[in-house]
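There are two complexes below, and they share subunit A, which is joined by subunit B in the first and by subunit C in the second.
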Partner chain A sequence: MEKQYKHWEDVRDLLRNWREENCRQSEDVVDLWNEVLANHFGKLGDEGWLVLEQVFIAALDCHNMEVANFCLSKLNQEFPDSLRVKRLKAMKYEASEKYEHALDILDLIIKKDETNAASRKRKVTIYKSQGMIIEAIKELTDYLRIFMADQEAWMELCDLYISQQEWNKAAFCVEELLLHSPFNHLYLQRYAEIKYTQGGYENLEVARSYYSQAAKLNPKNVRALYGLMLTSVHMASNSKCPSQKKKERIKLSEWATNQLSQLQDSNDSKLFSSQILEGMGNLQIGNDSKN
Partner chain B sequence: MASTCELSKLAYSKIILHAFKYPHTAINGVLLANEGSNSQSVKYVDAIPLFHHNLGLAPMLEVALMQIDSYCRTAGLVIAGYYHASEAVAEMNPDPVSQKICEKIAEYFPNACLVLINNRQLSMQMTQTSLSVIQYSDGKWKVKDKENLKILPNNEAALNSVSTLLSKKLYKKFVDFDDHLDDVQQDWLNVSLKSMID
Partner chain C sequence: SSSMNKYIFILGMVLLFHAAYSAAQHRSYLRLTEQEFTSLPADIVLQTIFSLLLTVFGVTMIAGEFKEIRSNIDLQKKTWKNLNNRPSFYTFNHRGHIFNP
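Moving on, here comes the complex of A and B:
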């Protein structure tokens, strides 16, 4: 936080931006609350409740239970029967690692309101925090059967599968995301990364095409450019690659390298593309089953 | 005689700063030692932070390791170890991805160490090293005793130094390889931070 926000209205606007963009700036939120906004809470009006919720969650993230308790008690006072506030109580138990209590509250909420998506997702995070990834995956897949359009959930499921090295299932999750947003270069790049990690000539081919599409949509996507370079060089040096395609691959890799060096021009970082191409053979970590 | 694992203040500080910058995700990075080091008692002189998202994906890991390798050759260093902090606060075992990466490193540097961060022991005022080390030798993973892990110049001085860095919130300016991939202007070598750490 470089600027000193002295005026409470600026702080309020900043917090509103962070809420809308779903930024995780917990330390800054709590600091801003303590230094500025807490004294001007009355002026916030109805937005104040949203701010309290935001500060509560940020405080839990920083394990600042004093601020969290203050926010929760104010919210509880104003909205005593609210399911949303109950969910925040469950989050507080979760932060104190009292997972059983948290699960009890969440189950109650879900019983009262079966469409309450947020509570179901909190159950997933409770399993995840305890390292019970298999249970988290099961809970999340049950959730997605009901709430199929939840992109955030598909992304989370993809991350969980990646951590379990279940590449096919992770790829399936990204395919669902691509159905929703076929022109999202980040999803395309993610799909390519999963395919690349799976290894094998056919998967490299798929990875290359997805990396190309991502780079086409956003020529500044550094991961896509590197991915293009890697896949092209790997494929060109593979015996399965027909010779006319080899030339195409090498050209593609050169294009990607040029794009990267252009991006790096104003920087004296250590991108030595020739050394990288030289080092290609030595450090391959992916599962190359069909090489 | 048990072999020791030493971390320079720079390497240790970088590990802790990385953990503090991304407390809510898993993080990983590699440890560098001087070229031609005795692999029995290894001294890690530097650490390069890698990722805080999807540590299991291969392509960017390959790119990172290649770039770090070429840096090492210019600096007379070698990739000799790996560090990792789990996403879950209570997790104290290395996950399969970390083991795989460390085994790969061990192909080039025998007896590479996998340094795990003990999340529970981290705090703004560091009182414990919060690390545990397992070493890959002869195809097996062996846990190293606490006495065989040293932070230079000595544990207490290093802990005090790191606590000072944390109080100044220097972790906000810390750059890992993921940050560099998001914005190539950012320096994953953290050269500007190095002078503040020393």
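Moving on, here comes the complex of A and C:
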């Protein structure tokens, strides 16, 4: 932590920003809490309970059980019968690897309240932490049958399928996400990556079109540009490619390479040099055209 | 929003109401004197338009920062690092606890 946040209002705003952006900077959160907010907790008002939850989860991430217990006890004092606090208690058992206790508490919550989405998702997480991916997938698909519009859950299912190398099912999950937000270049890029991984000429075609859409929406998306370059070069060197499309493809890959080197020049990044970019073009087997 | 913008907005609304009231009064005057109603007098029309512009200006200044209309520009600022985080699915069995004995 380089900056010294002296004023508790700045810290509160920063934490609110991290809450909304889903940033997972747990050490910073716990440090900020210890330095600044613990002394000013009374001034936070209603937002204080949200901050407590955020600090609790960050403390579990850092395995700082003192802070976690303190937050939990304060929340318990204020909301003694709350299902949300019970769920946090189950998370604490998860962090200490007492999975059976956690599962018991979650089952109790679900019995009390059938519509409680968050506890069902925690059950999936427990199976995932124990490495029982197949059960996690089954639980998550049952959950999604009930709560079909939950974007987080679709993303999670996509990741689980990728870990099991079920590309078709992962692609289906990303398609659901794309229905919700078709302008999100990151989802488009993800879909293109899954198609590219599947391989085969038709999938490469699909991947190329999705990569180009992602690059169109965000010209600074380096992964999309790289994907564009690689797919067009692969397709150009494939035997199934008709010759007039070959020239198009090669032009496309050259354009993508240009964009990448422009971005890299403007960024002045030492991470990669233009030689590596050229080298990547030369790596393709059977690539007859020279850039 | 500065108080100047609030005053402009209030002035605009007051002028608008005044123009509406004088237009209604004008019509009732014409009805009383049994004249035909062809159009409102020019000054009422001008006052209406001017107060409308004033009100609209005041409201937009009070409203604050405008959001970008193109949805993809907003999304360009997002990175995969944060978009990929799913708070409901955080696991805690990573190596984090080694750093905190």
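By our rule, the second predicted complex is superposed on the first by the 265 of 291 C-alpha atoms of A that agree within 3 Å, B and C clash if a C-alpha of one lies under 4 Å from a C-alpha of the other, contacts with A are read in each partner's own complex, and residues count from 1 in each chain.
As a working rule, a contact is a pair of C-beta atoms (placed from the backbone, for glycine too) under 8 Å apart; a residue touches a chain by one contact, two chains touch by 3 or more.
What you see is a predicted model; the values in this text were computed from it and never measured.
When the shared chain is aligned, subunit C comes close enough to touch A:Met155, but subunit B does not. Of the two partner chains placed by superposition, A:Phe147 touches none, neither subunit B nor subunit C.
By the document's definition of touching, both partners, subunit B and subunit C, reach A:Arg24.
Using the contact criterion defined above for the overlaid structures, shared-chain residue A:Ile194 touches subunit B, although it does not reach subunit C.
After overlaying the two complexes on the shared chain, residue contacts for A:Leu263 are found with subunit B alone; subunit C is out of touch. Contacts of A:Lys128 after superposition: both subunit B and subunit C are touched. Shared-chain residue A:Asn218: touches subunit C; no touch with subunit B. Look at A:Asp61: by the touch rule set out above, it reaches both subunit B and subunit C.
Annotation: subunit A residues 24, 61, 128-129 touch subunit B in one complex and subunit C in the other.
Those residues of subunit A that touch subunit B in the complex are listed here as 24, 61, 128-131, 159, 162-163, 165, 190, 192-194, 196-197, 199, 207, 222-223, 226-227, 230, 260, 263-264, 266-267, 269-272, 275-276, 279-280, 282-286. By the touch rule above, subunit C contacts subunit A in their complex via residues 71-72, 75-76, 78, 80, 82-94, 96-97, 99-100. Of all residues in subunit A, only 21-24, 26, 57, 60-64, 91, 94-95, 97, 118, 121-122, 124-125, 128-129, 152-153, 155-156, 183-186, 217-218, 220 touch subunit C in the complex they form. Within the complex, the subunit B residues that touch subunit A are 24, 54-63, 65-67, 69-71, 74, 86-91, 95-97, 100-101, 104, 180-182, 184-185, 187-189.
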